[in-house]
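Both complexes below contain subunit A, partnered by subunit B and then by subunit C.
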Partner chain A sequence: MLKSEKETLAAQLRPGGGLERWAERHLRFLMLAPTVLILLGLTIFPSLYMFYAAVHKISPNPDLPWEFVGADNFARLLSDAQFHVALWNTTVFTVVAVTTEFLLGLGLALLLDKFIRRLTFLKTVLMVPMMLPPVAVAITWKLIYEPQFGVLNEIMYRLGLPLQAWAGDVNLAMFSIIVADVWQWTPFIFLLMLAGLASLPVEPYEAAALDGASSWRQFWDLTLPFLKPVIAIALLLRVMDALRLFDLVFILTGGGPADRTKVLSLYIYQVAYRFADPGYAAAISLFVLFVTIVLSTWFMKRMRLAE
Partner chain B sequence: MTIATTIQAHSRAREVFIRLAAYLTILAALVITLFPVYWIAANSFKFDIDIFAVPPEWLPRNPTLKHYDEAFIQRPFLRYALNSFLVAVGTTIVSVVFGTMAGYALARFSYPWQWRKQISFWILSTRMMPPIVSIIPLYLFFNYFDMLNTKSALIVAYTAFNLPFATWMMKSYFQDLPVELEEAAIVDGDTRWGAFLHVALPLARPGLAATAIFCLIISWNEFLLSLIITLTEQSQTLPIGIAGRVTQYSTYWGEISAAGFMACVPIVIFAFIVQKHLVRGLSLGAVKG
Partner chain C sequence: MVRKLFLTLAAAASAIAIAGAAWGDITILVPSGSEGDGLRAAAADYSKMKGAKVEAVQAPYANVFEQGANAGATKSGVFDIILMDDPWIPFFAENGHLEDLTVFFKNAGMEGPDSDFLSKSLAVCRNPYNTGPYVCLPYVGNAQMFFYDAAKYKEAGVEAPKTWDDVLNASRKLTEGGGGRYFGYVFRGGQGNPVVADFMPIFWSYGADLFNADRTKVTIDTSEGATAMKTFMALRDVSPKGVESYNANEVGTALAAGAAASSINWPNWVATFEDPSQSKMVGKISYSPIPAGTKPGSSEIGHWTMGIMAASKNKQEAFDFMVWATSPEQIKISATRGNPPVRASVFTDPELTSQEQFRHYPVLMEAIQASTPRPRHPKWPEIENAFGIELSKAVAGTITPEEALKNAQAAVEQITGLK
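Moving on, here comes the complex of A and B:
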């Protein structure tokens, strides 16, 4: 932090009008203000508005007034079977996809730590999937999963395994979505872990080696604790992304078959636009927002990320 | 042979094994990573009949630009791409200008009542907000101001998650700069604002460029908000155009492969430009890779 005496001294020495001096004195607020105001407008306002929408029945006809229904929309959350399906699907997707990505990414990073550290080019190539537009990723996997002429069924055929409908199959649809997501996001965990491993201190390992600690012990007692902050960041960002999954499902399955891949984002979209019930959609949105805030706050507080 | 040399031979064998496993893993990872990207590119250059070939045609035997002509000349994909580009640039300018100032303020200044920590935390949490959550108010808001189906509406909506990103990125870059240079400038008679503008900002230029490119990528890739806010090709973005050709009845494989591949090309180029900043960018400035 700058010494405030220096600041005031410099400000007094400067020539200039009163406004300039005033701006200089309040610079710390003025520089922050636009961002805070914009974000207030774009997040707090919509959230408050959503509370207002959620206690109304909103007709698709814009000329009709909103009908106040109190907590009805929230009560519906308890009895709406489709909502429960969507909640379950989102949970399964988040847990399975993020766990797989984490284990694969960490395993790969541990294996390749010594070999890949300096190969920036190779790292960038491995990073390509997660930068790509999710829509492009979705159509790419749609092409691979295509039951008639897709690559995956060709591989199954060569291996003598039964052909599958993949994204179109009731039992494999969620699996197919997860595979595509794992393809896109494992590199993210991998590269973050690699960055974490590259910054580990050397001395504790030398000491542990002198004590004759096995590499397994070293991993549990040294590597994992040191990596904890990076792991926290990686998991937080992945979980938040997984909870908002939309694009892949929208293109690959449209939520089907038999609602097996209907996730919360997609359900909100359907309620708001296909079923034309924005009031109820707002209630579901508030639920999702609540879960997101609780989860991310818990994570960030625990890991002291805001420091 | 002594015991010592046996142990040595053992550990050498183990090292060779690990090395081999590592190289094979890298190779497998590269193949798995690159094949889908290759596949969409390969299919974009095939005639329809070759796309449907069983077994698949691994290399396009009769390469054609037919689907590029269909998508970009006959259908409005060039228009979609232009919309995507304009929206991405608009969002990036707004986010980087305000995000840089806010990031600097949060990196350098002190505030009463722990505001610095609280505001940083709050800005980060707005980044965590799922976009689906704000679509209903945004839709009604844009509807009210007659802004539905405009590129400005997209810029406003995208700023909601690009601005927190830019703020955190720039905060992390400014925190890495030594404060002494700015102090020296102030002692030499520069104002506080001048120290930011003439000293800190030029030093943060690489970070600024990386942040801008990330904002471009995030906006270019966005799908959900555009799906809701835009209705016609006047303002629809590339991902929406692509999704529009995946219908319930038929999928225009050649066309979407061509458009999808073209949507990926600038992203790959950008990824290589910012490769040194990728880890930091993807972790919102938290991990300095």
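Moving on, here comes the complex of A and C:
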């Protein structure tokens, strides 16, 4: 008998040897198990529970059983006028706010790219709005927009301009919310773009300059294509966040006036907690989740193509 | 050594926890603001007196409803008592979240709450309204009053406003002369609860109501409703720009800063108006019952009431606390903490009524006795939301007042299943 064969036999005969071998063979699964369990508890279980809730009518009376209603809660989405209003408002907010933040953030990054690397203080100041809690931002803007005593109308008054109701005006309410959001989140896009610009290779620009390419040409043919992965990530994160908008609307307008700022998150909150209908709220939440997944997949695909 | 210390501390903590449980700790869910502050202070007094732990958990107005509903739906027993706004009572009672107090009164040898409580204050604590068993006890006697700057009204040629026409006549003159910085009237026009709360007294003053007497029909879109809506729109036209988003704070601030001459408001604002550190109008605001329309004026009642959660494990202790906290002595102390009383003896107590800060008590007592409750329906939050959206649209001018009434009628019919 060879020496290695003897060692193998000894190992198999050793007490617990089989278990040790099994553990060794499945080590990667054992190492992953705690993470998977936590993930199941914190993410998968609530999601499954939401699916379960969405196909039931749940009474606020704990003594009444949950009634299975199949797809009824999803069918309600088609005929619920308040849901349609919230969906439209969320779309308008997401498109306008994220586009504005992107254009401003990219523009600022291009303008300040050259010298901001030395001005770390300016970078810190620009980061302040996005470091503030959304509730603090909302309260600050509520005070700014206050029609009678707010600073904005005081400036308008001193300049002899007509006073505005801002968050209380049907035509300005959504605009007021977008301005507050742009103020808070433009720095986020700006910082991502700045990081993207810092990582650009120098050689293509030198070659382009030698070929006599204008700054605009260099931006269009080099900067923008190089930045595409960063842009995709920035837009993806902002769109996902914009679809969940709640704090600003809850504090600034409460969804009014005349439903002009009612967004999906606020409506889900109202349905779940004010109208005590968690089954329908779960169905709306799943709809938002579906939209977010579709958009994320599309963005990720674009990102891979860009790479 | 460390292990021993840890074990000793754990054992001590467990002993304290077990002993604490044996004392029958009470946890009360209360709103932020003077109502919750008052009950929290009372809870601290009770803790000292009885040696029991009474904890008051404070949350913003809307969150009290949500947390109470969650606790009720999950039978968590996390709260023993909830301090509720009275329109929530049907929801909590009819979904089995509240304990019927009949047995507790019987065990205590009482027939029910004593007759010193105002009858309207007790009526809201019974479910169904005024006829069913008691499911709570009244603690804060809120009912809307009409607040106005008597000197400004006099300047505008109105001595004391008795009707909505008087209010409109004075307000038009004051707003016209205010140069866009001073207004005759201000109201809560914010979508949802705010705009509904400030419209209902006007609605009732013209003989309109959301439902017919036996609650079998929705009656929003009527000629009486249209007349009330006409007055409401006229009041909007003399109010500040942006009133569409106003809530209690904006209305209170406008009055306290001397930027508006009148409004409907809740009595807990009196303390602010009479506080020189917060108000330019100390001693200048007059209080009166809600003006009349084609019918006598009627306030919206908005009492804060204490009920025992059905899942509480300390029901008897909770009941004992509630009886103590609503006794004449404690309601008087609560009044000095800024909460309007619910007992006739406190409203007429010379020690209080002789003080400037309580000069509105006779008017408030009259307002409570002439008040109307919001429709008692377990779906009231949903009804209020739907009605509030249409009112908000009318105030903002995106639809006509007639369309608002028509839409609100259809929406409430759909929610309630009534025609």
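As a working rule, the second predicted complex is superposed on the first by the 268 of 307 C-alpha atoms of A that agree within 3 Å, B and C clash if a C-alpha of one lies under 4 Å from a C-alpha of the other, contacts with A are read in each partner's own complex, and residues count from 1 in each chain.
Everything below uses one rule, namely that contacts are C-beta pairs under 8 Å (C-beta built on N, C-alpha and C of every residue); 3 or more make two chains touch, one makes a residue touch a chain.
None of these values were measured; they are calculated from a predicted model.
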item: Superposed model, subunit A: greater residue contact from subunit B or subunit C; value: B
item: Contacts of A:Q218 with subunit B and subunit C, given as first, second, both or neither; value: neither
item: Which of subunit B and subunit C A:P187 touches, first, second, both or neither; value: first
item: Touched partner set for A:T91, first subunit B, second subunit C, both or neither; value: neither
item: Partner chain in contact with A:A167 - subunit B first, subunit C second, else both or neither; value: second
item: Which of subunit B and subunit C A:Q148 touches, first, second, both or neither; value: both
item: Touched partner set for A:P129, first subunit B, second subunit C, both or neither; value: first
item: Doubly contacted residues of subunit A, that is, touched by subunit B and again by subunit C; value: 148-149, 273
item: Residues on subunit A engaged by subunit B in the complex (per definition of touch); value: 1-3, 6-7, 10-11, 13-14, 23-24, 27-28, 31-32, 34-36, 38-39, 42-43, 45-47, 49-50, 53, 108, 111-112, 114-116, 120-137, 139-144, 148-151, 154, 157, 183, 187-188, 191-192, 194-196, 198-199, 229-230, 233-234, 237, 240, 243-244, 246-247, 250-251, 264-265, 268-269, 272-273, 278, 281-282, 285-286, 288-289, 292-293, 296-297, 300, 305-307
item: Subunit A-touching residues of subunit C, taken from the complex the two chains share; value: 62, 65-66, 69, 72-75, 91, 94-97, 180, 189-192, 240-247, 250, 253-254, 257, 259, 379, 381-382, 385, 389, 392-393, 395-399
item: Touch list for subunit B against partner subunit A, complex; value: 18-19, 21-23, 25-26, 29-30, 32-34, 36-37, 39-40, 43, 51-56, 98-99, 101-102, 104-106, 108-111, 117, 119-126, 128-141, 156-157, 159-160, 163-164, 167, 179, 182-183, 186-187, 189-193, 196, 217, 220-221, 223-224, 227-228, 238-239, 242-243, 246, 251, 253, 256-257, 260-261, 263-264, 267-268, 270-272, 275-276, 278-279, 282-284, 286-289
item: In the complex with subunit C, residue positions of subunit A that touch it; value: 59-63, 82, 146-149, 163-170, 173, 252-260, 270, 273-276
